[in-house]
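Below you'll find a set of structures to go through.
Shared chain: subunit A. Partners: subunit B in the first complex, subunit C in the second.
This part shows the complex of A and B:
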């Protein structure tokens, strides 16, 4: 990169917040996805702006020189959404990490994009408030990243995803213009819903510099239970049954036998390794009604053929049950070195047939595919356990993934429930949104970012 | 050694980024290359041929405290510290050690007598080079000599611990016989901790052997990638201790304990005839707090009226998993009131020679620790590691908090016993 330009960027954000050494730049060629581009796509420069004015100044300069900007938070996305390219500047927003205010009367909060999700949750919970979205990476993911990817999480079944809590945003557009969208009120129909457009835009339309979120009252209590099944199909059929009984669990997680065995192998907590599936179910709300709800769910599970139902009697027992879920990823990563977590999502009633289909695909291509679903919201999380160094196997993995996509769409589902399109699914997007959908998205992108500097190559593949 | 040997462990990193929440270095330096994920991926890049193992790479490998915070927090359990140490070994193999470290490890540490003599002479002449700091909390360098002039150091002891105490210290009634591995910091800088350990062991029914010809455990050399020196020191330690007829080998420093219990397996993995000896040593090694906590403090305990807070040294806490025992022991002493600090397991930034080569960075990390200590309102900071003690004292002193005393767990506990026995 032209040294004059580098100097100007250093002036804007401060020299200590610019990294130009090759070894430092190299470390932005990956994120938490399975994609790594390596030495051919090492970005030109890394900048860490400290406020919206700096973000705007960098964008203005980049736009003028047509330099791609790749926005990044904690780099914890799993869609390749922050993978670098060799002509780009990576803009990391972690310095902008202040919670501006938490407004108890209006139950809203304003914060900067670099705030860590779990830190924010801890702060609001101290005040008896609740920000539900809980991506698995919440302990280190940034709120800006969560908004850009529209992150979900296990609580989605009851509480929805990031999108459902974003009232408004302050963003910087490709030309450096600072724009406020949305409102501080629960209702607002003033013009097109640009807030919704920006949430989940994966850094391709704007840089988020401020977030206004809606909060809920913190539920009084939780209750957790585990149901063990000898039949995966029966377990997955149970999911819809629970909802049909009029109960919306906070989380309803489905773990298959591969997960059960790996977890038991790893943490030894007494899971039955011969079981075909377990459902981990949590309800929350008014303490008085939870026992009743758990009672109904237990009965449904037993009626569906559950071998055993364990209800946690206290917080300690609940915690023990959650250990299984939390150690799941670590457990399977000990089986094979490369883990590809898919997030195809289907309507709840289609879970049994798609789970069955995934099993068939796994056998057909001889690849290990485990299922750990946020089944309550139909989010399947087929997990492919493989080894990136084995090219022959990786070719089979790719075919298996394609077939899972097709099965998902046939079941009227979506290719990505919460991870985003990024680099990983760009080429499949047309299967879901059609040519017309792609054309409209491209037209929008060109209008808002005529020089195509914001995260080019992501999502729409250009 | 070849870079490829690190690949098996390195590819286990799933790049999730969880290490970002816990890495103290990353909190200061903010670049991805400074967090565990970055370092592991730089190592992978070297293996792949994408990055040269040059000065810049070497500098990034030096930015690790080996505090194990990332290892404990890693969902896939990647041994990041082992990978960084592996990279440092390969760099030392190919390019050698920097001058100061070469002098200390290769010439100083490898020669116990010279080391004894050098540090003994040092204790005589140090007053020429250092001036006393406030509240009797150590000394400050008078001249710039590779040490930061703000830095408060604890003077070298006039006489090192092993030469001033007897080799065999019996107690009656004798329940157990143990050997005491002092480690360098206790032997040369804080012999009073050694006294306290002896007093505690004897008051708790153990006769103590303190082998005179014991030397450094090898950790400083190992962590810095000087495997050949580490091997020599590890072998000397194993040879000195493995045939002693003792029930346990007691350490009072997390890093020494970790070396004897875990790291010797790694360091001496390809040394013929050492496997069984290393196993024997590992099995017997126990930290002083761990040892005493098995039965709780025996005998009559007098009142020790102190408000204390406890810092978990990285290698004692995350390394040896000794966390509960020191706290239980302290709470069993009448009058001791333990106030937990915010994040007792956060690294104090000392990390042995890291604080020598990266003083400013290590003091920035230290600031979190001293702030947490001050916020508890405690009068005394207790910890189980002498290197942490020195660094925390330095930080407290520079922050005008020298009224807070810094003690080893053994020193506090020993105050509960009137007699030496």
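This part shows the complex of A and C:
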């Protein structure tokens, strides 16, 4: 990069917040996806702005010189949304990590994008408040990243996703203009809903510099249970039954035998390694109603053929189950070196047929596919266990993934429930939204970022 | 209008669905707002398309000839969103009024835009399901209109607004292209969130031809109570207190003395005509917890100085209170002939100070301003009781409204919580979203409707 430009950027954010050495820049080529570009796409420069004015000044310069900007939080997304390119500046937002205000009276909070999700949750829970979205990465992911990706998590079944908790944003547009959108109130219809347009826009429309979040009261109590099935199909049929009984569980997770065995092998807490599937179910709310709900769900599970239903008797037992669940990806990473976590999401009553289909696809292409779904919201997370160094196997993996996509769309599902499109699914997006959908999204992108400097190549391709 | 064009339109939708007589066209100059254009803006033609293909064909023709299209459901919006203009075709969507499918297993429904909101609610409730948004106009408003305006209602305090229940849409763009956006699943991040961009776009970006709605299980029970205050300020302070106790009531309505007296005079159910304010509060959910919640809320109200708290002892008593509430606008219409229902919404803890300010503004301009708020979500509905034929008074009304807007924005509120911008607030929108916000919205509008045929002049001005 032109050294004068580097000097100007150092002036904007401070020399100590600019990294231009190769070994530093190399560290920003990857994210948590299976996509690796390594030395082919080492970014030109890394900048860590400290406030919105610095973000704006960097963007103005980048826009003038048509330099791509790759915004980055913790880089924990799994769709390649922060994979770098060799003509780009990576803009890391983690210095902007203040919780500006938690407003108990109005149950809203205001925070900078670099705040770690779990830290934020801990802080609001101390005040009896609750920020429900819980992506698996929450211990290290940033709130800005969560907003940019519209992150989900197990609690989506009851509480929805990041989108449902973002009331307003302060953003910087491609031309460096600072814009406040949305409101601090539960309701607002003042003009187009730019807030939700920016949520999930994967860094392609703006840089998020402040987030206004809606909070809930912290539920009084929760109960966790595990239902053990000898039949994966029956287990997956159970999901819709629970909702039909009028109960919306906080989480309803489906784990198949591959996951059960891998997790047990890893954490050794006595999971039933011979079971074909387990459902891990949690309900929360007023203590007075949870036993009743657990009773109804237990009966449904048994009617569906569960061989055993275990209700966690204390916090330790519940936490053990969640430790097991959270270790799932680490556990299957021991099976094969490359883990591709798909993100297809289908209407709840289609889960059985799509799970069956995934099984068939796995057999057809001789590829290991495990299923660990946020089944409560139809988010299946078919997980391909493979080895990216084995090109022959990877060719089969690619075909298997395409067949999973087709099965998902046939079931009126979506290709990505919570991981985002990024680099991983850009070429498949048209299958879901159509050419007209892509064209409209591209037109909106061009309107807002005419020089295509914001995370170019992501979501909609080049 | 050119007679050949009329013939072509008759061919598209059927001659019996086109109205070109003056007396027919005149009927479409108004809506439920206080804006009247009468004979100055009689539209050129009225068309009632019967399906998406007809909508698309009409739009293609209109786009080619640059004829404004004013989409219309029941015309029950109160922001002038369907007020006509003399160069336009009014497109009424009420023929497309089928509930296509209510899917119990997945708790979603698919319906056409002309379905009446209350009819839809009745149908889903028969199946044990629940569509929460409840605009006051629900007995006659259409779902398409609700989506286009992002309608709210009293239950917004707990359940949010129309936006929160729309999973996907089928729309026709200005150029006649039919587009499906969103999903049938609880989660989807496949590209930009066009669904939420269209929700609340007031007919300026697309015509809605199908709606995919998320439903909830119908709550098991509800309880209604009335807290009577001698002090409006104390009553309004109570609102945030209830939420701080960890309870989210379904509805929390604040009525001031003007409303109490007018309603009692109208429906005669024994409201306390000497009270300065009442809070009408409802909680719903599992029967086991409602008494506890009512107890906590009663105590908060008494601690705040309520002179009496009445809990409805049966359905009849509860329904009487709601009949009273729903008759509020009819009741105050008897006081003065012109009712201007403002829609300012503030963070809950700002309600007392803004209510006080509204009182001062009322005195300053000698204008009657009543307050009936969906206080649970800060939606204040200051209501100006006036007479539009009195130009001197209307000049004072205008000044009073502007001061209410300023007070709202100073309290970090929004100018419109649920009524929309339409014609009524277009000239004030920049106060809230800034020039940059307006510019961006206009750019999006131009991108999607380059000939400015969709409801031109609404929201963003000409």
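In this section, the second predicted complex is superposed on the first by the 462 of 462 C-alpha atoms of A that agree within 3 Å, B and C clash if a C-alpha of one lies under 4 Å from a C-alpha of the other, contacts with A are read in each partner's own complex, and residues count from 1 in each chain.
Basically, a residue touches a chain if its C-beta (ideal position, glycine included) is under 8 Å from a C-beta of that chain, and two chains touch if they have at least 3 such contacts.
Note that the coordinates shown come from a computational prediction; the quantities given were computed from them, not determined experimentally.
Novice: What is the contact status of A:26 with respect to subunit B (first) and subunit C (second): first, second, both, or neither?
Specialist: first
Novice: Once the structures are superposed on A, label A:440 by its partner contacts, choosing first (subunit B), second (subunit C), both or neither.
Specialist: second
Novice: With the two complexes superposed on chain A, say which partner A:321 touches: subunit B (first), subunit C (second), both, or neither.
Specialist: Neither subunit B nor subunit C is touched by A:321.
Novice: With the two complexes superposed on chain A, say which partner A:211 touches: subunit B (first), subunit C (second), both, or neither.
Specialist: A:211 contacts neither subunit B nor subunit C.
Novice: Considering only the touch criterion stated at the top, classify A:161 as touching first (subunit B), second (subunit C), both, or neither.
Specialist: It touches subunit C, and subunit B stays clear.
Novice: In the three-chain superposition, say which chain, subunit B or subunit C, touches more residues of subunit A.
Specialist: Looking at subunit A, the partner in contact with more of its residues is C.
Novice: Tell me which partner A:379 touches in the superposition: subunit B (first), subunit C (second), both or neither.
Specialist: Touch status of A:379: second partner only.
Novice: Which subunit A residues lie in the overlap of the subunit B contact set and the subunit C contact set?
Specialist: none
Novice: Help me check something: in the complex, which residues belonging to subunit A touch subunit B?
Specialist: 17, 19, 21-24, 26-28, 30-33, 36, 38-39, 46, 48, 74-76, 92, 94-95, 116, 137, 139-141, 329-330, 333-334, 337-339, 388-389
Novice: In the complex, go through subunit C and note every residue touching subunit A.
Specialist: 103-108, 128, 149-150, 152, 156-157, 160-161, 163-164, 173, 177-181, 183-194, 196-197, 199-201, 205, 216-218, 220, 240, 243-244, 246-248, 285-286, 288-289, 292, 345-349, 374, 377-379, 412-421, 425, 429, 432-434, 436-438, 440-441, 443-444, 446-448, 459-460
Novice: How about subunit B: which of its residues touch subunit A in the complex?
Specialist: Touch residues, subunit B against subunit A: 11-12, 14-18, 20-21, 30-33, 38, 41-42, 45, 48, 50-51, 56-57, 60, 75-77.
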